[in-house]
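Listed after this line are the structures, all set down as C-alpha cells.
Both complexes shown next keep subunit A, but they swap its partner, so subunit B is in the first and subunit C is in the second.
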Partner chain A sequence: MTTSIQPNDVLAKAEALRNNLSTGFRDEIVKSMYSEAESIAHRAVKTASDKKYDFDQKIDRLVTSPITGLPIMLLLLAALIWLTVEGANVASDAIATVLFTLGDWGRTLFEYIHAPWWITGFVWDGIYRGLAWVISVMLPPMAIFFPAFTFLEDLGYLPRVAFNLDWMFKKAGAHGKQSLTMAMGFGCNAAGVVATRVIDSPRERLIAILTNNFVPCNGRFPTLIMLATVFVAAGFGGFTSSIIAAATVVGVVLIGVGFTFVMSWILSRTVLKGEASAFTLELPPYRRPNVSRILYTSLIDRTIFVLWRAMQTAAPAGAIIWILANVPVGTSNLAAVIAGWLNPFGVLLGLDGVILLSYIIAIPANEIVVPTMMMMYMGAGMMVDGPSTNEAIRSLLIGGHGWTMLTAINLMLFALLHNPCGTTIITIYKETKSLKWATLSVVITLGTAFLVTFLTATIARLLGWA
Partner chain B sequence: MTNTKIDLPTEHCETCPAFYQLEQMGIKVGDFDRVIALAGNPNTGKSTLFNTLTGLKQHTGNWPGKTVTRAEGGYQFNNVKYKLVDLPGTYSLLSASQDEEVARDFILFGQPDCTIVVTDATALERNLNLAMQVMEITDHVVVAVNLMDEARRKGLEVDARSLSRDLGVPAIPITARSGEGVHTLLATVAEVIEGKVATKPIRVNGTPEFQKAVHELSAMIEQMSPGIPNARWLAIRLLDGDARVQQAITSGELNEIVARQQRADVQFSGKMSVEGRQ
Partner chain C sequence: MNLLYWSILVIALALILFLPRLGLLALYKNWRTAYEREQVEDALKHLLDREQSGRHASPESLGGTLDLSRANVTRLIESMETQGLVESRGAELHLTAEGERWALHVVRAHRLWERYLADEARMPLGQIHGEAHRREHSLTEAQLDALDAALGHPTRDPHGDFIPTREGSLPKAEGTPLTAWQADRPARIVHLEDEPAIAFEQILAAGLRLGQTIRILERTPQRLVLSDGENEYRLAPTVAANVTVAALPESELLKREAVPLVELAHAQKAEIVTLDEAVQGFTRRRFLDLGLTPGTLIYPELQNFFGDPRAYRVRGTLIALRKDQAAQIWVKPV
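Entry: the complex of A and B
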C-alpha cells in the first residue's frame, strides 16, 4: 500500500492550522473539559449536608475570587508586617539595652584585669557588639514574623496564594508554582531556590531560581523594617507611625514582587524562551493549625536556625570591622580609606561608601548589613554606648553622616534588589550545577539594584528632592 | 516461563469477593495475555489497588530515560493472565512534566488493552479531569471509583450508573482497601477488552473552528497511517504543538503501532464471568 501523505506534510498542515486558530484555544478546551467534569461529578454525587465542606467552599470563593482574592492577600500581608513592626519595636529596644549593658560590664571587667587594649577592643567592640546587634535587630521580628507566617502555611492558605497569582506568572511566561517558591523566598532565598524542585520544566525552574532573590528574605526584613520605622515613619506619632512603617515595607515587598514578574517576563522572552506550561494545583482543605507544631517549626527550625547562621557570620564580620577600623592609615584608618574609595560610586547610587563596604563585608549573610554599617559609622572602639533607641540611630545617621530620605529609600531598594547572599549563591550553583547560572543570578540582581538606585537618585536630584 | 500456580493468597484476601477467580501473580509477568494500565491522581489508592491485585511482590525499575519509578505486577482472573502496569500518579496528561509524559506515552504508545483510571470518590470532580483526558486517548477505559468507604463516612453517595452513562465508559465503585467491588471491576475490564461492553467515551469538542481544524488534520493522519486508533487525539496534540507526538510521527513509531494493531488478535476463549455484577 502506498501512502501519498508524508509525515512532514502532516506537521506542516498542523502548523498552518494552528496559526489560524485563535490563541486561547488550548485554554478553551481545558476549560470546557473541566466544566464537563464538574457537571458530571455533580450529577453523580449526592451530598448529605456537610456544613464544614460548605464553609470551606465559601471561604475559598472569597479568598480565591478574582475580585477579592488579591486585596485579601495584601491585607493579610500588611497585617503580618504591621504585627511584626509593632511588636519588634518594643522587644528590640529591650534586648538591645540588656545586651549593650552586658557588653559594658564585660568591657569594664577586661579593663579592671588590665587586658591589653586591643584584646578588649577586639572581643567587646568587635565580636561581641556584632553579635549583640544581630540578636537585638533580628530576633524580635523573626520571633513574630515566622510563627505568623507558619500559621498561614499550616492553615492551608499558601496554595490559595499560588492560585491567585497563577495568571500573572503565566503572563510573565513562568510557571504558576513559582508563586509557592516565591513565598518560600520570604523565609529564606536559599530555601526558595531548593523549593523550585517542584517545577518540572527546566526552563521555568531556572526563571524561578534566578528571580527568587527579588523577594526580601527574613535576613533582609529587619533592615527594611528598621529603615521604614526610623526614617519613613519617624515623623508620625505612635500608632500612625507603625501603620506607615508597615505600609512602607508592604510597598517595598510589592516592588520586589513586581520585579519578579518583570524579570521573569524578560527572561522568558530572551535567554529562556518558551511557553508557560499548565499544571494542576490541589487546594487542600483548611486545617486547624497545630499551635505546638507552629511554635516548634517557626521558632526552632527557622528562627534559631537563621539566627545561629547570622551569629556565625556576625562574629567574624564584627572582628573584621574592628580590625579595619583600627589599622591606622596616616591619620585615618583602613575602613575609612576603603569607604572613601567606594564613596563616589555610592553617592552616584544615592548611598555612600560605608554602605557599599558593609554590603561587601556582609556577602556571607545579608542579615548583618545594618549592624555592620552602624558599627562602621560609630567607628568601633571610639563609642562605647551603642545607640539603642530609634531616636539615637536617627540622629547618628542624619546628623552625623548626612543621611537623607533618599539614602533611606535607596538603601531599602538596594536591600531588596542586590545580589543573593553567599549561601543562596552556593545553593543556586548546587541546584543548577552550572557556574553560568550562578553567576547570572548575581549579575541580574546586582545590575538591577545598581540601575534602579542610580535612576531614583538621579531623578530625585534632578527634581531637587535630594 | 511456565504458569505454575503460586500459593493461594493470604487470609487477608479471603474477605475479598474476587478471591476465587483472582490469583495474584506478583512478578511472574513474563507470560501474559493482556496488558492493563493503572492511571489515577496521586492519593487515590492506586497503589493499594495495585497491591490488592498483584500481591506484594512487584517488578520495579525506572521508565527508560526517566527518573520515574515503574512498577509492574501480574494477576490471573478467570484463567486469563494480565500484566498490570502502574503509571505515575498525575493530575493531568497535558503538561510536560516527566510523570505526565510517562503516563501519556504508555497509554498512547504502549497500547494497553485497557486502562483503569482510579478516582477518589470524595473528590470526584477533580479526578474526572484525568479520566476524561485518558478517554481522549483511548476508548478502552474503566473508571474505578475508589475510597467508597471514605465517601460513605463523609455522607457522599456516588451514583455509578449515572457516572457510567455520562462518561460513556463503565464506572465501578470499589474500596481497594477491603477488596469491595474489585471483582466487578476485573470482570468489567475483561468485558471491555472482549468488546462485550461497548464504550463510547465522552469527548470535549471545543470551538467550531477548532473542530474543523481537528477534523481536517485527523483525516490527513488517517490517510497517512490507515487504521490508526486515535487520529483525533493525535490531531489535537499536533495542533497543540506537542513535540513528543511530532517526533513519533516523523520517526515512524506510529506506523509500527498500526501494524501491531492490525495483526490478528491473540486467540483465546473469552468465557468472562459476569457473576457478582452489581
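Entry: the complex of A and C
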C-alpha cells in the first residue's frame, strides 16, 4: 500500500526548504525563463536584415538630438493644438445648429400642448440647452485631438518625448511619462488623469494626477483665445494682432506647464515624499499606425467615455443655470443677487461676482463658463453666445460691467489654474479610490488660483495699473 | 421656550460626549487602549533586544528606553506581570514564553513593514524606521502572514537584521562591528543599526549602504577611513560601531571585476553580471521583467541631450534607464 501525500505535507516541505534557498534564486528563475524563451524564439523567428533597424536608429537620433529634438516636439504639439482648435470651430457650429434647431422644435411642441412656461423653460432652456451646449463644444475637439494623439502614440513617437523630457521631471521628483499625461491633458484633463495609469509607481502617478489640471484642456482654450483676441491683442491691427493673441495663449500655456513643475516639486517634497522610482521606459520600434485601433481607442475609450461623464454633469448644471436666471428676486433675479454677494471677493481677486458665480455653476464643464457669464451680463434667461463682434464684446464688458485689462488677464490666469471640472474630479476619485486625493486636487488648484490672482490684482493696484 | 433650547443643548452635549464609538469619551478610551498596547509592545521589544544580546533588562533600562518616570515603569511592569508577559527576578526582567511570542510578533511586524516601505513604497531609508514603528502595532497574525507572502518571504529587513519567522525563530545576528574588523581585509556591510537615528543619519549621509564592499584604510581613535575602491568615507568610531561587516560572499567577488552600467561608453558592448544587492522588491522585479538578467548582452545606444536618461539596447529592444538605475546594474565589458 502506498502512502498518500496530503497537500499540507507538500506545503510543510516547501516551507522547510524555503529557508535553504539562496538569496538570488528569484533572479535564477527569471533567467531560466528567459533562456527558455530565447531558445524557442531562436527556432521560430528568422531575422532578415538590419535595414529597418538602421532606419529606426536614424529617426531616433533626429528626434532626441539637442538641435532638432526639441523643435520637432514643440512643432508637433503646436500643430496638434492648432488642428484641434481650428478644426473644431467648424464642426462645433454645425452640431450646435442641428441641436439648437431640435431644441426649438421641442419648445414649439411644448407650447403647442400648452405646457406651463416654467416647464418648457426648465426642460428646453435649462437641461436640454446645457446638454446640447456641452456636446457641441466638447465633441469636435475631442474627436480631432484624441485620434491625432493616439496616432503619435501608435507610431512610437510619444515614448521619445518622455525620454527627452525626463530630466526635467526628474528634477521635480516626478516621472518622465508625466510629459505624456500632461500632453493628454491638453485634450481633456479627465483623459489625462486616466492616462496616468502608464506610470507604475503610485507616488509619481499621484503627482501626475494632482498636477494634470494645470495644463488647459480643449474646454478652456476657447476662453483663453477669446480673451487674448478681444482684450490683449485689441490695440493692434490685422496680422500683428493675431500674432499677439497667439503669443498670449502660448504664454498662458507655458505658465501652466511651469506651475505643473513647481507643484510637482512641492508635492514630491511634502505630502508625496519618497525615493525616485525605478524609471524604466521602453522605446518601441517605429510602427505603421493601425487605423482601426486608433479610431477605436481614441473614439470609444477616450472621447465617448469623457463625453458621457460630462453629459451626466452638464444636464443638472443646465437646470441650475436656468433656475438661477429665472427665479425673480424683487426686480432682479437669483443669479444677479448671488453675483452681488460674491462681488467683493471677486474684486479682491481682480475678477467680479459674475465670473466667480459662472465658475461655481460651471463646475461640471468649463465649456459653459463663457455662455453662463454672457447670460448674466446680458440679463438673458438662458445661456447665450456673446455679442458677435469683438468691439461689441468689449463695449459690453468694459463699458457695461467695468472690466479692465486686469480683469481679462486675471480671468485667463483663473481659467488656467482653477479647480478641475466635475468630470475630472469624479475621474480622480475613481482612479485613486480616495476622497482625500480628490479633495486635495481641488484644494491645490483652487488655492493656487486664488493666491495668484490675488497677488496680481494687488500688485497691479499698488503700482497703479488698475 | 428657553427651556427647550437648553434641553437641546444639553442633549447635544451629552451625545458629543457619550455617543458609543463616536463620542469624545469613546474616542479617548480607544486612544488610551491603543496607547497602552503600544507601550506594552515597545517594552516587550526592549526586553527581547536585551535578551538577544545576552543581557537582561531592568526597570531602569526600560524606563530609559521608553522615556517613562519611575512610577509609570512600575505600573507598566505590574500590568505586564498580571498579563503573564514578564517575570521579575530580583532587579532583572525576564520574558515569559507568552511574552517572547508577542515580542517576536512585534519585531516581525516592524521588520516586514520596513521591507515593504523600502521596496514597494520606496521611502527614503532614513524614514522607514519611524514609519514602521508607527505601523507595527496594528497588524494581526493573519495580516502579517499575508504581508510576508506578498513580499516573497524576505529573510532580512533593509538594515540587514533577520526577520523572525512565523514560527518565532530568529537567527542570531552575524558579523563583526566595523571597529573590530581587521584593516586591509575586504568586507561586506551586512547590517546598519538604525538606532539611534542620529548615528544612522550620519551613516547614510556618509554614503554607506547595505551590501557595499569596503576596506579600512586608516584607523585612529578619532576616525575611521574606509574605501570602496572609488570613494573614501570618514566615520567617527562611535558611529562606525553601528556598522556590522562580514567576509565577502562569492557574488561580491564576481562584482569586483565588473563596472556599473552607467559607466559604459557609447556603444560599448557588455554582459550583465549581477543586479546590485541594494535593489530589491518592485525595482528588482521590474529589471528582471525587462530581461536584464545575468549573462544578457547590453550596450548604450541613445543619449538624452542632458545625458540622463540613456537608452540601452538589450534583447533587441531599446530601454531607457536613469543614471541612478544604471548604477545598480553591474556589467562586464566584452
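Going forward, the second predicted complex is superposed on the first by the 252 of 466 C-alpha atoms of A that agree within 3 Å, B and C clash if a C-alpha of one lies under 4 Å from a C-alpha of the other, contacts with A are read in each partner's own complex, and residues count from 1 in each chain.
The criterion applied here is as follows: contacts are C-beta pairs under 8 Å (C-beta built on N, C-alpha and C of every residue); 3 or more make two chains touch, one makes a residue touch a chain.
The structure displayed is predicted, hence computed values, not measured ones.
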{"item": "First (subunit B), second (subunit C), both or neither touched by A:Val30", "value": "both"}
{"item": "First, second, both or neither for A:Thr248, with subunit B first and subunit C second", "value": "neither"}
{"item": "First (subunit B), second (subunit C), both or neither touched by A:Asn333", "value": "neither"}
{"item": "Partner chain(s) touched by A:His42 [first = subunit B, second = subunit C, both, neither]", "value": "first"}
{"item": "First (subunit B), second (subunit C), both or neither touched by A:Gln6", "value": "first"}
{"item": "Partner chain in contact with A:Gln178 - subunit B first, subunit C second, else both or neither", "value": "neither"}
{"item": "Which of subunit B and subunit C A:Arg18 touches, first, second, both or neither", "value": "both"}
{"item": "First (subunit B), second (subunit C), both or neither touched by A:Lys273", "value": "second"}
{"item": "Which superposed partner A:Thr211 touches (first subunit B, second subunit C, both, neither)", "value": "neither"}
{"item": "Those residues of subunit A which subunit B touches in one complex and subunit C touches in the other", "value": "18, 26, 30, 34, 200-201, 277-280, 282"}
{"item": "Interfacial residue positions of subunit A with respect to subunit C in the complex", "value": "18-19, 23-24, 26-27, 30-31, 34, 57, 60-61, 64-66, 69-70, 159, 163-164, 166-167, 170, 176, 200-203, 273-285"}
{"item": "Touching residues on subunit B, where the partner in the complex is subunit A", "value": "91-92, 94-99, 121, 124-126, 128-129, 131-133, 154-160, 162-163, 166-167, 171, 202, 204-207, 209-210, 213, 216-217, 220-221, 223-226, 235-236, 238-241, 246, 249-250, 252"}
{"item": "Residues on subunit C engaged by subunit A in the complex (per definition of touch)", "value": "121-124, 127, 152-153, 155, 165, 251, 274-275, 282-284, 286-291, 293-296, 301-306, 308-309, 311, 315, 317-322, 324-325"}
{"item": "For the subunit A and subunit B complex, residues of the former touching the latter", "value": "1, 3-11, 13-14, 17-18, 20-22, 25-26, 28-30, 32-34, 36-38, 40-50, 53, 200-201, 277-280, 282"}
